[in-house]
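Handing you a structure now.
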């Protein structure tokens, strides 16, 4: 690509926004040229906005942020809207997203980690390599809403690992039923309403408001045909455990056609995602099966493939639902949030959805 | 009872043994008169055996042990066998239990936390208030084996909460299928092969060897008729989380007859265990339903009823299995181990199984 | 006492306020008749104010709150001021305390967990049994400020354990220097700006803003003569560890007169607090020495004496400062907050400072 | 160097041994040609010895071990002794080290993580860049003991961070007194007698047997002249916290010559270790000062410099000891164990102590 796309980040100082920024550091295709933050931070440099009154740092993603980004001045949302950008990453709360994402989508493509528009009938929830065909709907969305851009949300971070692991099973054996219990990391709750250490030390919290409904609805939307959610039934219990990063899910699947652990393992391990090849944030493998019965473990496996590989383990026959059972792990703030949003932007860019397509050389 | 029964404790210095001793402190019916320990400890007082070379204490149960117990001299297994006792609590490993429990059962009733004999066809796995009728089998066991005593094991600590919570559902609606994912506390692994902090900090371990088979088999044995395990299917994934005490289980149940969350809640909350009334270690309620959607939590709820009450929460309709789903919490080292064994001994004593029955006044 | 004192609680729904309420349940001398809360909660019953929109409970202290308290209607601060009460517990932030405590003190005695007035020259920081003579200053405070009541703050929760453990050393050997490193529990930060699990899992945070200055200043004020802080030097580093409750402090003390571990142990273990006898919240011992080298541990020892006993361990000779070194543990939300405030109120009441003194019979 | 040195690893399957192996993967100078393990593992390939009966992996260091290493066959100690190697890494317990290290040292240089010989008068405890002059003593040791090789131990992992941070202070201002409280990670205890999760969840253990004596003695030996320990006094309290890796230490230092925080910071930050340049495992900086008051934190900073950089923070004036106080963090299983041992071997090799010196080209 001759010139990188100019990207803005809405909600840049929040946890998801920081993950987006971290995933965009030294990015070959995208250059962060504008960052939006709350009124309290507007006018400050990003570096200052990320510094506490006491002198501490509010940068919580891995590594240290690039000095060129730290020097960017934070804009309020209105001012960010006036910036010359080619693409927006939105990493704000549902409430802010409801108000601001359409205003930005009127001008540029919006890649969002927020849940605000995921249930709209003209909005696909995209995971590159999993439901690429749904991206076509962005053209209709753009046309019907009269926007120059569009809104393209990634799924809830708990949906991602489940949907990726179910995809080869659904393609090969037909998923009929899914029973899932999640053991979710605390970073999934972000910092604003973050999980207090007080509540989770020596403890499990067996409820995450709205989470189960999201997972059930989004999984069917992603794995179905466009406008026609998958017909399988999903039933979930979502819990919070004392883990920093990495959502582990215990999954029991019933299938339409006979399956056993060996066949499922072959389908999962052979699941190719050629469509991701060449994308800067894509892992070598989106899905892998670990034969060690003690794996995957959040701490030891969440960073597989740079946090972008989903790991399945403990694949066994499932007698109740007539299918297979397994555990699956995905990194909730990388694949499931910031870096996953960047991967989607990369894919949309290469497929020509963002208006400016990287030149062959860059690919 | 005019005089308390003389009880011995095999494996007194281990974690389960300590829990038994803690549950027997100032017990109105039972008096610990002999304790068995490994060769390394034999000859020492219990107090000395529980002291580390560095001067630290190896007493890990709650509270501090009674001085009279600390003065008891540890015996090796052979010497313990020669003691005049009325009842033995066995809290040893499977391997030791295989060798020694029959030798003790030849003389006295043996209440065991070990898994060694749970699968024998003439050995019932007993939870007072849940499958009292199975106790009859102890007479046959005694007769056929030519023993004066018998072996009466309690279930695996993960089975207990599941079985107690399923009991009223099975009685009222008929359980057809069970899908369960456990989030188990580290104390379940004891100290000998205990879970290292190294492995579980910021982590979940998605496999506990042999655990799933035990839960599946024992639950059906307990909730079935004697010699005829329940015909429902159970499928489990057992995981270890960074929690000290209290096993949480996410349960999905399919039933024979229609059920919804309200009906299941009524059945569970109304589940009476009159048969436990008057037993010193019995809780007011063996099972309770908490309507707070964020409960039960291991740290906040494990000690309900002195660690002897099982708490169910998040009771909801279950669309996949056609039944209900819920989470259930039980204290794995109290109800699920030492104190649960003592409760069983109390019940067997009152019902006349231990040969010496407490007098009416004591009841 | 013929009738209990009517007490109000300012900041009743916060973490410190809840600890105060928990300590006042079924209290023989005090009856909670009015509770203050934020504007958002004013008008609701305390029970409703402690319920989340999602149905969860915001009651985080141990046990379950008494139904009679749950039915109390929350008042805003102005309305609370108009209530007929005999005593106020203030458990609000420094900022709210600065504004409201004087207005209440104008009418009634105010026992406060806030730091707002601790540095005022006419305000003693009181720990019953440690610096009782300072209470006399309340009379001057009252007179000079023209109040009917007064403001009597308890110390910062990290100061408490240190001051209690230093007291017998100072009395007997004369403290000259103190070097202290704290390992503080997360509950010390409360819920409002609570420590996020995200930040403290597998981690230590080596800085707690303002904490070290508070400990250094308050310890000298408490252990000095009134208006004349102790002349020893205190140097602290305060850290936050992944522990729920219980502040552990590693203390190195230099003394004026020769001391060794045995003499220090005798002084500490013999430290009597006869003045606390008969107070409902007083422990049998305010200070105890544990000879087990692995103790005190936060989880195992914080609840000693109902959370009101300070435990010292690892007492050894100290070669650098010429004195002794030890670790000390105190419960930061019991002795160090709610229950400690109630103990102070009890002592002030018995000593006649609150205007209404319990009758001899009640004592 | 034309050919890499052939190295053996004694205790290869233990936690420290694994860290050594991980640090030797694809090493440009050293090639692991023989591994020793317990009798139980002898005869198995390293891959098999690291596999549990249940199929799980016992490889606990980061990453996955190189296939060429996995194929090495484990030898018992006697057989390892007969192998043609140029250098031995010993990562065994003190007891095993006492017996075997001299036998190996008779033949080849032994770099050891064990404490067995650290107190011998002819054995230097070496940290490259800190006390290089002590290495001369290896010649005397070799001569006096009649060995072809020598024993060169690295310090206790808690000593390392303290000694590195004190070095520039001692050089510039003269250290007079040190008071230190450590907050140590659980990995420091290894796996054999590893810290149980049971003991450290929601807890701190305020005692680590023998640790304080080691730190006090080793720090003075390292920072003194050879045969003449530094004359300053060190007083420590060592505690275990719920952190996986990374020892944090709260240090208070009194100095001979006046110092303040700024001067100390300049001395520390300017501390150059030119002597490490070119060594494959050396970090860019052995010591750095972080100005963020909330740092260093174990989880966020332990991997600085590949786990080989010591981080100091919270540098302040120290009023009691008349000097400075700070916190210091070092990675206990990297710099403090396996990778630190490899760094020492690299330095000794380049300096010509191991008999075969890498050629200039390789440097």
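Here the chain labels run A, B, C and D in written order, and each chain numbers its own residues starting at 1.
To be clear about the criterion, a contact is a pair of C-beta atoms (placed from the backbone, for glycine too) under 8 Å apart; a residue touches a chain by one contact, two chains touch by 3 or more.
Since this is a predicted model, take the numbers as computed values, not measurements.
A.B. asks: What's the call on subunit A versus subunit B, same or different interface residues, using the half cut on shared numbers?
C.D. replies: Counting which numbers both chains contribute, over half are shared, so the two copies meet through the same residues.
A.B. asks: Roughly how far apart in rotation are subunit B and subunit C when fitted on CA atoms, stated in degrees to the nearest 5?
C.D. replies: 180
A.B. asks: How many angstrom lie between the CA centroids of subunit B and subunit C, rounded to a whole number?
C.D. replies: From the centre of subunit B to the centre of subunit C is 40 Å.
A.B. asks: Could you work out how far the Cα centre of subunit B sits from that of subunit D, in whole Å?
C.D. replies: 46
A.B. asks: Which residues of subunit C are in contact with two or more other chains?
C.D. replies: 54, 56, 201-202, 207, 209, 242-244, 293-295
A.B. asks: State the interface residues of subunit A toward subunit B in the complex, per the touch definition above.
C.D. replies: Residue list for subunit A touching subunit B: 177-179, 181, 183, 201-207, 233-235, 237, 239, 241-244, 248, 250, 252, 254, 293-300, 313-314, 318-321, 325, 327.
A.B. asks: What residues on subunit B touch subunit D, complex-wise?
C.D. replies: That would be residues 54, 56, 60, 186-187, 191, 194-202, 207, 209, 242-244 of subunit B.
A.B. asks: For the complex, which residues does subunit A have touching subunit D?
C.D. replies: Going by the criterion above, the answer is residues 52, 54-57, 201-202, 291-295.
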